[in-house]
Amino acid sequence: MSLLAARGITKHFGGVTALEDVSFEVMEGETLGLIGPNGSGKTTFFNVASGLMRPDAGRIFFDGVELTRLTPPRIARLGVARTFQISRPLAGLTVVENLLPGIYFGSERLSGPEARRRAMELLELVALDGKAHWSAHDLTMWETRLLELARALGVGSRLVLLDEIFAGLAPADIPETLDLVRRVRREMSTTMVVVEHVMAAVMALCDRIVVIASGRLVTEGAPQEVVRHPRVLEVYLGSKEVPDAQG
Amino acid sequence: MRPRGRSERTIWLMLAAAGVGLLAVPFTGMSIYLMSVAFVVMFHAAAAVSWNILGGYAGYESFGHSAFIGVGAYTTALLLSHQGLSPLLTAPVGALLAAAVAVAVGYPCLRLRGPYFALVTLVVSLAVSVVVVNLPGLNVASGVFVSRPAASPVMSRFILYEAMAVILIVAVAVARAVERSRFGVALAAIREDEEVAATQGVPTTRFKLVAFVVSAALTGLAGGIFSWSRGFLDPGDMFSVNLSVLIVLFALFGGRRSWVGPLLGALVVTLAREFLFIVIGEDAAQILFGVLLVVVILFMPNGLIAAAPRLLRNGARR
Amino acid sequence: MTQLVQAVTTGLLVGLSYAVLGVGFSLTWGATGVINASHTMVAVIGAYLGYFALAWFGVDPIIALVVILPLFFVFGWGFFEGLVRPLKKRTRVVGLSSVVLTLGVALVLESLTKLAATANPRLLQTAYTSRSFPIGPARVGGGPAMAAVISLVVIAALVGFRQRTYLGRAMRALEQEPEGAALTGIDVRLTSGVATGIGFATAGAAGVALSMIYVFSPTSYLPWLVFTFLVVILGGVGTVLGVSLAGLFAGLAVSLASLVIPFVWANLVLFVLLILVLLVRPTGLLRR
């Protein structure tokens, strides 16, 4: 069943075309990778999906409901959650307090002790519960990324848009992070769209991959097929050689 | 997150007791002068606590709050002088009109942030004052006479004190209720990162407007009783930019995280001002007030409450 | 018809004075990021200095500018070194803090002025302010005419400075790219200091100019502040041409509005205009 459907999404910024007639679907329960060279429009797509930007053309649907002209709060209420590429913790608040707005006003709309319980549950899931009452300002960069994830889950766990959660990680940390994402996916039955450059993570996590370059859809399909697709190789490497799975 | 339940109830009880105490003080035999000073302090505190709902909790610092004081003040003053209605009855009307103004200007103004919001609210307050002062038929420009609350000066001061004490209690109660509510958490999120708050489901536009309107209404309420103490309303007083900036100073000085900061700031700065007015005169006092603004911005950007522990520690070391 | 021509001419001349006021304000904002709410109070002090130069020494305010301009330049630079630099060291985002800080400065200056010169409104009267000159079909008061001359000279000098001198070009670089400019070897501290100094100097000139058009008192800084915001927000921070055009436009707007509506409401037109511009394009209508 199609959970997120994008049809003909187009977005221009002045003279630059960020997205041109992009259409694809995300099936419920799957993890879809969204990859492409830098500046190909991936984060723009997330911005359109979460309502921070309005597309110049095209429509986007979540579970049958049209998102295209809705405000970000409305979209979050429906259960579309996202993380930010550069973590944006609410620095003046504690870790727990960072989760509360999403839990109060997102898709679950909990309140009181129930909401606080939920916040602690999510923090446990990402192993941040020990620092629940720390100021978010004092977290390490890695921890703020965990916070981003927990915060997104607080909004809703049906669909999460993850923006480069593996960026800048030491290779040794990748397996641990993969486990975390898999655990979240398993326990919350989350459908995910994952924007990534780290190919190891993409190959390990994704059921399907969509490739975007210069704002256009290049191809989509199973990971093993996509990495061998000549256009994909061209777009990434400028040649027709096969990259190994480590990217 | 401080836990709720018993300790929350205890705090509300303590606040209620303080409120009752505040109302009871005049019965211990306060002089007229003390009641007048207390009246001004409570007025400033009420305005600052109300301002802070928008300025401190949501992070939208308005430099035009004197507009709401003016609207409230003139509503009660005009209803008193033209219809003979007591401000005790009409102050809520002043609050409503102030709220209406906030609704009218709020939506466009709140689209701006930081210094632009500060500037636009400043200009809007000037515009509101021009409109109110020049309303056809009401003759505001030549001044409005306001009759005293009671025949005897003591009784007048007493009534004014009690009325403003009630308003301060209401303002603190509302501010605290907001702080402890989901709405308050939402405002804090808006303050920290409005875009993130929006993607978390917080209806930012609507909530900012609510904060603006609530802040305006409470300020208008205070203004409505304040005009009753004036005898004669000169348009300059009620709508002065000085007053708007003073309110901001109270909150900046005392701290903006909770209702305590603005109240403390209003108390300290108002008393200092009163003292200086007597000792060195109004102009010299304003000079000190301006210097204080500069000092606060440079050295205590988070207010006295946040800076006090550090200052005390440094002081003790010497 | 002549009324219209009259209004247009007066409006343009007065608008030039708004422009001079705005240009200095924009200069400081562009070079330092500081929104100097005390800019117009400095202008008011300039007006008073010109007034007293005439009243006490018989020196025409325009001649007095010879003293006022360098004096205010020094004050401006001192303001930068003494207040702006510490502020920038302690605050990441200077915008709002600078508004509060400079409002504090404005209040101090206002009270000092009140103490020194009383709160009574002043009207400048020189040999030419009571005369009027024909310009085409219109008759123009001597005051606005001289104010326009002062404004034009100051604006022209400023444009020349910004185009021809190293510091002037450095200022423009700083306005466009605050972070990058430092990397190109520009002495940011010197450039900002000079920019603020020039800003204050133009404020002094603007004050003298405005004193030839309007009655003024210490509290005049507030309506003048509205003119300034309007002109700078309308024209764009850091563009002398934009701000100048915006000044002309604002002068015209008020002048033409006064034809149709009572004077008290004419100021309201400015306020509404400013609010509208802030809502539509806070970065300025004429900025690229």
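Letters A, B and C mark the chains in the order given here, with residues in each chain numbered from 1 onward.
Quick note on the criterion: a contact is a pair of C-beta atoms (placed from the backbone, for glycine too) under 8 Å apart; a residue touches a chain by one contact, two chains touch by 3 or more.
The model shown is predicted, which means the values in this text are computed figures rather than measured ones.
Asker: When the mean CA coordinate of each chain is compared with the mean CA coordinate of the whole protein, which chain is closest?
Answerer: B
Asker: Hey, which chain ends up farthest from subunit A, C-alpha centres compared?
Answerer: It is C.
Asker: Just how far, in Å, is the C-alpha centre of subunit C from the one of subunit B?
Answerer: Comparing mean C-alpha positions, subunit C is 32 Å from subunit B.
Asker: Once you find the CA centre of subunit A and the CA centre of subunit B, what distance in Å lies between them?
Answerer: Inter-chain centre distance comes to 44 Å.
Asker: Rounded to a whole Å, what is the gap between the Cα centroids of subunit A and subunit C?
Answerer: Chain centres of subunit A and subunit C, defined by C-alpha means, are spaced 50 Å apart.
Asker: At which residue positions does subunit B touch at least two other chains?
Answerer: none
Asker: Which residue numbers or ranges of subunit C touch two or more of the other chains?
Answerer: none
Asker: Would you mind writing out the residues of subunit B in touch with subunit A in their complex?
Answerer: Within the complex, subunit B touches subunit A at residues 1, 4, 182, 185-186, 188-189, 191-193, 195-205.
Asker: Give the list of subunit A residues in touch with subunit B in this complex.
Answerer: 50-52, 71-73, 75-77, 81-82, 84, 88, 90-94, 96-97, 100-102, 104-107, 111-113, 116, 133, 151, 154-155
Asker: With touch defined as at the start, can you tell me which subunit C residues reach subunit B in the complex?
Answerer: That would be residues 35, 83, 86-87, 90-91, 93, 95-101, 103-112, 114-115, 222-223, 226, 229, 264-265, 267-268, 271-272, 274-275, 278-279, 282 of subunit C.
Asker: Which residues of subunit B touch subunit C in the complex?
Answerer: 61, 63, 108-109, 111-112, 114-116, 118-120, 123-124, 126-127, 130-131, 134, 241-242, 245, 248, 252, 283-284, 286-287, 289-294, 296-299, 301
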